[in-house]
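Next up is a structure, given as structure tokens.
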Amino acid sequence: MVVRLRLARFGARNRPLYNIVVAQARTARNSKPMEVIGTYDPIPKPAPDGEGKPFKDIQLDITRAKYWLGVGAQPSDPVWRLFAMFGLIEPQWKVVRIPAQQEDKALYEKVQKVKIIPDGGPKTTTTAKPTPTS
Amino acid sequence: MARTKIFALKRPYPRQSWNKHAVYNLYRYRQPGTANRTFYQQKFRAKQETRRFHGEYLTERKWNSMFRHTLRGVVSMDPAVMARDDGSSVVSGRGSGTDEPPRRLIGTQEPEDEELSGLRNPRIPFAQMTFAPLERRLDTAVYRALFASSVRQARMMCLHGKVMVNGIKVPHAGYMLNPGDMFSVDPLLVMSAIGEQGRSSFKKLSTQAKVDLQKAIEEGQSKTKSSTYLKASNKKVLAGNADAEVDTDTFTAAGVKPTEEATEGTESTEAASTKATKAETQPEEETSSGKKKFHLPSDWRTYLPKHPRWKIYDEWKPKRFMNLFAFVPRYLEVNHHICHAVYLRHPVARAGSAEVPNPFNHDTMQLAYNWYLRRR
Amino acid sequence: MPPRLRPSSLPSTSNVIPQSFSSSPLLPFLLPSHHIYTVISSSSSSSRNFSTSKPAYRRARGFEKTPGTRNGFIEWMAKYAPRYNVPNPTNNVPVYMTYQPRALPSKKVERAPGMSRKKAKLDSIDWDTAKEKSTLSPFPGNKSFKAHPVISTEFREQIDLRIKAGRSVRRVSAELNCELERIAAVVRLKAIENKWIEQGRPLCTEMQTRVHAMMPVTHYTTFPQHESITDLRIHPATNNQLFLSVPESMAFNRKDASDAFGILPADVRMPHSELIEVERMKQAGVEVHEMIRIETERENREAEELKEKRERIEKRLKAGKVVETERFRFRLRPATAGAVGHRYGVPAEDRKRGVNKIPTRVL
């Protein structure tokens, strides 16, 4: 049987909290694991200074995580993602960001489709016009 | 379940509301009498009367679990006196202090007026603090901060998720505020809740908003590249703003020719297209004041700024009878500019005054306090 | 049995007040508390000349249960209710229920030719005298609740300016006679307000002005007297009596008393306890510049301590790495296996009856 590094859901309804656990792959999600090595709180908290992005907290015992990876424990996808943030493993996949200029160009093209009608001009509208909201 | 009919004229009970019936009932309200009643009856009556005012939508069991027999009070200290005296003079002599009681001039009388005698010998009205735990509730605090016209309305705001505590939505009316908690309600909601009724003020754009709109459109026309403005004009943002009506006499929908292509797939309804034809016939119309008329494209809604200045911002009027209840207790600090308030501390009683607003006299409150004190 | 006719001119009982006497809106409060009264309006009495209601002595305690209740309400709405809605946008006279709108003092004002009668009447109200006479009790039956003034918008600006100039909250509080918590709250609220202005969000200025016009307001002056800043909280431990035998020759001071109760002395617990030291210096005749020097030193010391404390908190909050993604910031914190995570074998009580599910604190 494989030993996995995975998340175990705690918390209440609509308020999840996860333990990062080391467990046998076939055991139940919330059964007693071999070891609890961290926690993950997926609910974003607003930034303390009120500005910037909201934050999420991850706690991890890095030495234990390294050990379990070393002996061949298999991280699940979400745990892989979290471990990649700590720099323990290579991320499974990378987000390829469109460079800002390209993004701007895409937006520019999109905007070009929206025709702005000047005063009195007998212009036609294109299909890109927004539909009424009310 | 809480009673729904709470403003009956036949039984004038005081309620925490600015409703006209509630005001009338409060106006003719008299304190419960104690003559020819046993102590138990007096306490029971006092408890009934006070509970009708304080959290009448809460069950007795719920309130009983909130009640605390310890009541908060403060004493104002004078630093000058404390610097002069380390307190030993109070217990000197035979333990009762060497201070002589203040002598009254011969011929003067003890003031008859309750208020004046209170000034001379102020007592701390502790019994008035019986319902202080309710003041910690989020719904009550929202009402006290003048963000709602009744506690029930405030409660509804909370339950609908319109009230934020420290920037986080708290959909619990019974959330007990902690000292330092900041709570807020959406200003538009507050203005409609404590303002004069009628939705017309919501639908019309104010003069300032019209200026904003014109500016925004001009900006949008001049810019060919993406602007932050156009980024903001997604449907979601505008959905809430879209029910605005524009005065037809000031705004004229500009030259959309009511061709098939124009009406197809666009938002122009029949009314808009007729307006448009009118505009087309007189494109360069001048108003009597000589100003050029502002022409509005048919998709003007997409140009609305995120927070348009509705008429209500400029022409807000208070709800009827609001002035009878316009006071903010000392334990709150309210900013109506942004409809935010801070719960500074728990309410306290001090010599001559208590911070829990209610229409009952000290005797009634004392009886009510005694009722809840049983078995404690 | 046909209803017995009763002459309408004859009031049924002595506790019915004729129309002419019921003009004061405060009548119910002026009457002795056992007095049950009914206002007979001239119109209602003429329309019905026999009474179907119970006689007064059989009416329920306290309330008026006559079928005329609704009429009474309609009449009140027409006659008295408008008086409470006095449009006074510039004054600071709260029109509470204890206030007698009828008795609004007036002054002589010459009526301009174009002015409406209503406007002239409003202009003639002498608000200064009214302010002196007005009572701050919103509820007629409860004298112990008084509407405390709120601080004006200008006052708020002044507080914010002082804090921005680098003065401590404690000092501003003592200068402007506002509670410490209030100063802190005003600064927090002001910061949000400024942010809104920056973002171009409209402020409810009209509402703020009109709300403040309805209630007592403390305006900013050089030495504003807003509230007592040295309110000492009565400690619950002192609610119970404590018997202590003390030798008569011994001086028993506040320190001894607090030791007996097992609490801190009032000199420490009081907010603005530093004012005692200032007063002591004053009474000892310490020179002003010396006092200022000592005070500044103390302030600097406090500021230093506060800064250190803040840094410590900041350090704790910033412990570990922060990874920023497109939408969120992930705070990565080190932990120890065994001491971290939710316990196993503990039942979740979130569905249990009688357990409070409402959060007790937010952030």
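Chains here go by letter, A, B and C, matching the order in which they are written, and residues are numbered from 1 within each.
In the analysis below, contacts are C-beta pairs under 8 Å (C-beta built on N, C-alpha and C of every residue); 3 or more make two chains touch, one makes a residue touch a chain.
Computed from a predicted model, the values in this text were never measured in an experiment.
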Exercise for the section: Compute per-chain Cα centres, compare each with the mean of all protein Cα atoms, and return the closest chain. Expected result: B
Problem - A-C or B-C - the one linked by more C-beta pairs in contact - result: B-C
Exercise for the section: Indicate the whole-number Å distance between the mean C-alpha point of chain A and the mean C-alpha point of chain B. Expected result: 39
Exercise for the section: For chain B and chain C, let me know how many angstrom lie between their CA-based centres, rounded off. Expected result: 12
Handout entry: Whole-Å gap between the CA centroids of chain A and chain C
Key = 46
Fill in the blank from the handout: Multi-partner residues in chain B (2 or more other chains touched) are 167-168
Fill in the blank from the handout: Expected list for chain C, residues touching two or more other chains, is 363
Handout entry: In chain A, residues with contacts to at least two other chains
Key = 46, 50
Problem - In the complex with chain C, residue positions of chain A that touch it - result: 10, 12-13, 17, 19-21, 32-33, 35-39, 44-48, 50, 52-62, 64, 85-86, 95
Handout entry: Of all residues in chain C, those that touch chain A in their complex
Key = 195, 317, 321-324, 326-338, 340-342, 344-345, 348, 350, 357, 363
Completion exercise
In the complex, chain C touches chain B at residues 25, 28, 33-34, 61-65, 69-70, 72-73, 76-77, 80-81, 84-86, 94-97, 138-148, 150, 153, 156, 179, 181-182, 184-186, 188-190, 192-193, 196, 200-208, 210-212, 214-216, 227-228, 230-234, 236, 239, 246, 248, 251-255, 257, 266-267, 270, 272, 275-280, 282-283, 358-363
Handout entry: Residues of chain B touching chain C in the complex
Key = 9-12, 20-21, 23-24, 26-33, 35, 70, 72-80, 82-84, 86-88, 91-92, 94-95, 114-115, 118, 125, 128, 146, 165-168, 170, 172, 174-176, 178-182, 187, 190-191, 194-195, 305, 307, 309, 313-318, 320-330, 333-342, 344-345, 348, 350, 352-362
